[in-house]
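What follows is a short report on a single structure.
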Amino acid sequence: MSLGLGFDLLLAASLLWSGWRALSTPRLDRALVLFIAFGLLMTLTWARLAAPDIALAEAAIGAGLTGALLLDAFGALQAKRAEAEAKK
Amino acid sequence: MKRPVVIPAALLFAVVLILAMVDLAPPALDLRPLVAANLASSGVAHPVTAVLLNYRAYDTLLEIGVLLLALVAILAVSESVPTTSSTSATSSDLLLPMLGRIAAPVMVVVAVYLLSAGTSAPGGAFQAGAVLAAAAVLLHLTGLLPGWRQPGVSLRWGLAGGFLLFVGVGAILLLVEGDLLRYPPDHAGVLIFLIESGLTLSLGLILAGLFLFLSHDKGDVG
Amino acid sequence: MTSGLLFACVGALLFVMGVSGVLLIRHLLRRILAFNLMGSGAFLVLVGLAQRHGVADPVPQAMVLTGIVVAVAATALALALVRRLHALTGKLEPPEADDD
Amino acid sequence: MTDPLVWLILLPLTWASLAFPSGPGRGAWLAIAALGVQLMLVLLLVVDVTESGILVRAVGGWGAPLGIDLAADGLSVAMLLLTQVIALPLAIYARSYFSATAPEGKYFWPLCGFLLAGLNGLYLSADLFNLYVTLELVGLAAVGLVAAGGGARQIAAALRYLFAMLLGSGAYLLAVALIYAAYGTVSMKTLAPLITAEAPVVIWLAGGLMLAGLMLKTALFPFHFWLPPAHGGASAPVSALLSALVVKASFYLLLRLWLGPFAGLTAGAGLLGWLPATLGALAILWGSCQAIRAQRIKMLIAYSTVAQLGYLFLIFPLLTGEAALRAGIMQAFAHGLAKAAMFMTAGVLIKATGQDRVDSLAGAAQQLPLTMFAFGLAGVTLTGLPPSAGFLAKWQLIEAAMAQGAWIIAVVVLVGGLLAAGYVFRVLRQGFLLVPATSADTSVFHPLPRTLEWMALLLAAASVLLGLRGVELMELVSLGGAV
């Protein structure tokens, strides 16, 4: 088994694991972190598939912007919820 | 309730799909020689950029349309009532604004590099625009750039400008060359760079807008 | 097995994972995550399967670049709707179907 | 303007992206003027295609398989004609409908422009991946329109709609990936002989994914769950746009794939056509029953759309002959015109009475005779009474079914007509009820711009009168070898 294949298999397993956990882990903040990790793993995958353009775009847009959007939404919702609790 | 149906069906589909994919014979057609053979007249040296902005430039045109459309849709959904609290991060920390002041210009330089590199190496308008957008978001997070509300006239023209430029070039080429987005080989490089420059700016604004308009909408109603 | 084929298979699994997620998960933010997994899965199949013989192909790569931008546009719109719904109802789950 | 085909895509893109910077609520006149030009362009295109058959344009001058081809044949021109014919009166209606400050009309024009550009692009594209992008353009624009300026109910409907659209286009995209891997091209013209020659298992899976994804996008029973809240909850011009035009786009694409690249597979498996047809028959029964029971007028009309879409899918087992295709196109026109008119009248009634319940319509015929007349005409078409376009469509469909011994389809069509009469009559009966002047719960009717009523009447009358000249229209589909 070559080094490349071993790395690919590891990457494949991590992709599936992080994707699965992002959907199934009970805490939402962890899920979002796992999702961003998934995006970074996708970036590595694109590099392994000889697609540097997609790797760049995935890092910037897929993991970066989407991650930022999700985290920002999460933060806003948390703040909103805390506000609502405080009112009670 | 749906679970017992969906999960077995999904697993079954995945297994059949993977078995079928492993079993797949080589395709009848190979576009790679075609891509390579026409590279010289495409105006760029990087195959992916050639596909994106020349061979299949029409896809890219519509895709920028989708992005602009999504931004308009977000504006249509968001609350239009201007709220007063628009500065996001409290600037009690002195380090963050400094970081923003140093990093943002560097990111602009990186964006320009990515844009110019795109003709011959990985990179191009999307990546450059994304870096510009990231710079804007960073400035916002460090408290130097307030969240955007309903955009003013100049910002709206900036958001739509890259797309309008792309459509305009396409339309002129349709009138002059007879086909939509058919670049004359001698000028293809210049025209593509022109389109990419416009797109970088507008994409930067749109992608930043996706974040900043949403970020502004704290959902305060009533 | 080439990297292309391996990641195409991973893509197929991610796709069904994402579709099941969109169908089964009620929490809207997570449903958006599931949609993104579905998209990534389709992109991996597009590039990976086309490159199953180990040679890079710029055409599907360009298509995926287009697809990523479309996906982020859809994600942003979905988030805008979710935030609006949360602001109006305080809920992060869609209300039950009202058929009238 | 030498080339109507390409300008039909460029023009709406241009006015959509000009309407956005000109400011919230602006762009109506630009849109109406441009839609007038688009209507002329599509008429020019009809002439061109009638004279010279299928037209192909190579975007970028490359040609398939390296580049993207645009193609116009009889089927696509018919759909383009339907789109522009409805869009112009609808735009005039929408200009009067949205007041200057209405939040739901703030970005109506750019969204509407992108939607129409997406539709025109979809009807003209001959490239599977490009079709994916146009599908997304149409889907996201439609979701934005449903959600625009809306309350919680509308936002929830838009979210459900969005996820249905994304699932549908996701399945479509995976299918495109499999097809590219198997044949190395996504050009429909290049693919057709390749798929007919040899179809590995992945192509069957790809076909299944496309079928499922597009049935979901067309809201075929039981995938219709997203349609009634989205179409019933949006503002009236948007509902009209979605019900009359948007759902037809994914139906068109399914038909195009069925008859084009996948013709080799679908012709070989004769029973396959009965799957969409069975679901279509169920859609007719279920949708009509729900419409009969609906309390709110727009939900009634939305469920009627679920039912009427069912007829479109009845043609699939009969596609070996051309008559079924003609019936399908006629039904698309009949339903498009009548349903646009119906949602427009609903908009008038809701604005005038301030209520949206069927029960609150008493006295409408006295106060808004034009509108109730328009609703009645549209109802004639949906029920399939002569001489309407709906009658012609059903007649053709029954004829095609009987010719192939599929009498069950004929029975479904007849039962569907009776049920449609049921829900149309419910509204008319309420509208023509005379209310005693002293009654306390009489709805108060607010005065409205007459344009609203006339535009609805125009489309409703067109849906009936088309029945007289429908043969010429149906001739169109045999042009350029769609079959």
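So that you can tell them apart, the chains are marked A, B, C and D in the order they are listed, and the count of residues begins at 1 in each.
Rule of thumb we're sticking to: a residue touches a chain if its C-beta (ideal position, glycine included) is under 8 Å from a C-beta of that chain, and two chains touch if they have at least 3 such contacts.
This is a predicted model, so every value here is computed, not measured.
Go through B-D and C-D and name the pair with more C-beta contacts between its chains.
If we tally the C-beta pairs in contact for B-D and C-D, the bigger total goes to B-D.
Rounded to a whole Å, what is the gap between the Cα centroids of chain B and chain D?
Measuring from centre to centre gives 30 Å for this pair.
Could you put a whole-Å number on the gap between the CA centroids of chain A and chain D?
Distance between chain centres, rounded to whole Å: 38 Å.
In whole angstrom, how far does the Cα centroid of chain C sit from the Cα centroid of chain D?
Each chain's C-alpha centroid was found; their separation is 27 Å.
Between chain B and chain C, what is the gap in Å from one C-alpha centre to the other?
Measuring from centre to centre gives 17 Å for this pair.
By the touch rule stated above, which residues of chain A touch at least two different other chains?
In chain A, 53, 57, 61, 65, 69, 73, 76, 80 touch at least two other chains.
Touching two or more other chains, which residues of chain B qualify?
Residues 13, 17, 21, 24, 27, 31, 35, 48, 55-56, 59, 63, 66, 69-70, 73, 77, 126, 207, 210, 214, 219 of chain B touch two or more partner chains.
Mind pulling the chain D residues that touch 2 or more other chains?
Counting only residues that touch two or more other chains, chain D contributes 129, 133, 136, 140, 143-144, 147, 155, 158, 178, 180-181, 184.
Can you give me every chain pair that touches, using the contact definition above?
Applying the touch rule to all chain pairs gives A-B, A-C, B-C, B-D, C-D.
For the complex, give me every residue of chain C touching chain A.
Per the stated touch rule, the residues are 1, 3-4, 6-7, 9-10, 13-14, 17-18, 21, 25, 27, 29-30, 32-34, 36-37, 40, 43-44, 47-48, 51, 56, 61-62, 64-65, 68-69, 71-72, 75-76, 79, 82-83, 86-87, 90, 92.
Would you tell me which residues of chain B are touching chain A in their complex?
For chain B paired with chain A, touching residues are 48-49, 114, 122-124, 126-127, 130-131, 133-134, 137, 207, 210-211, 214-215, 218-219.
For chain B, which residues are in contact with chain C within the complex?
Chain B reaches chain C through residues 2-3, 6-7, 10-11, 13-14, 17-18, 21-22, 24, 26-27, 31-32, 35, 47-48, 50-52, 55-56, 59-60, 63, 66-67, 69-71, 73-74, 77-79, 126, 207, 210, 214, 217, 219-221.
Which of the residues in chain B end up touching chain D in this complex?
Against chain D, the touching part of chain B is residues 13, 16-17, 19-21, 23-25, 27-31, 34-35, 38, 54-59, 61-63, 65-66, 68-70, 72-73, 75-77, 80, 150, 153, 156-157, 159-160, 163-164, 167, 170-171, 174-175, 177-183.
Note which residues of chain D are touching chain B in the complex, please.
Residues in contact with chain B: 2-3, 6, 10, 13-14, 16-18, 20-21, 23-24, 57-62, 65-68, 70, 103, 106-107, 110-111, 114, 117-118, 121, 129-130, 133-134, 136-137, 140-141, 143-144, 147-150, 155, 158, 178, 180-185, 190, 194, 200-202, 205.
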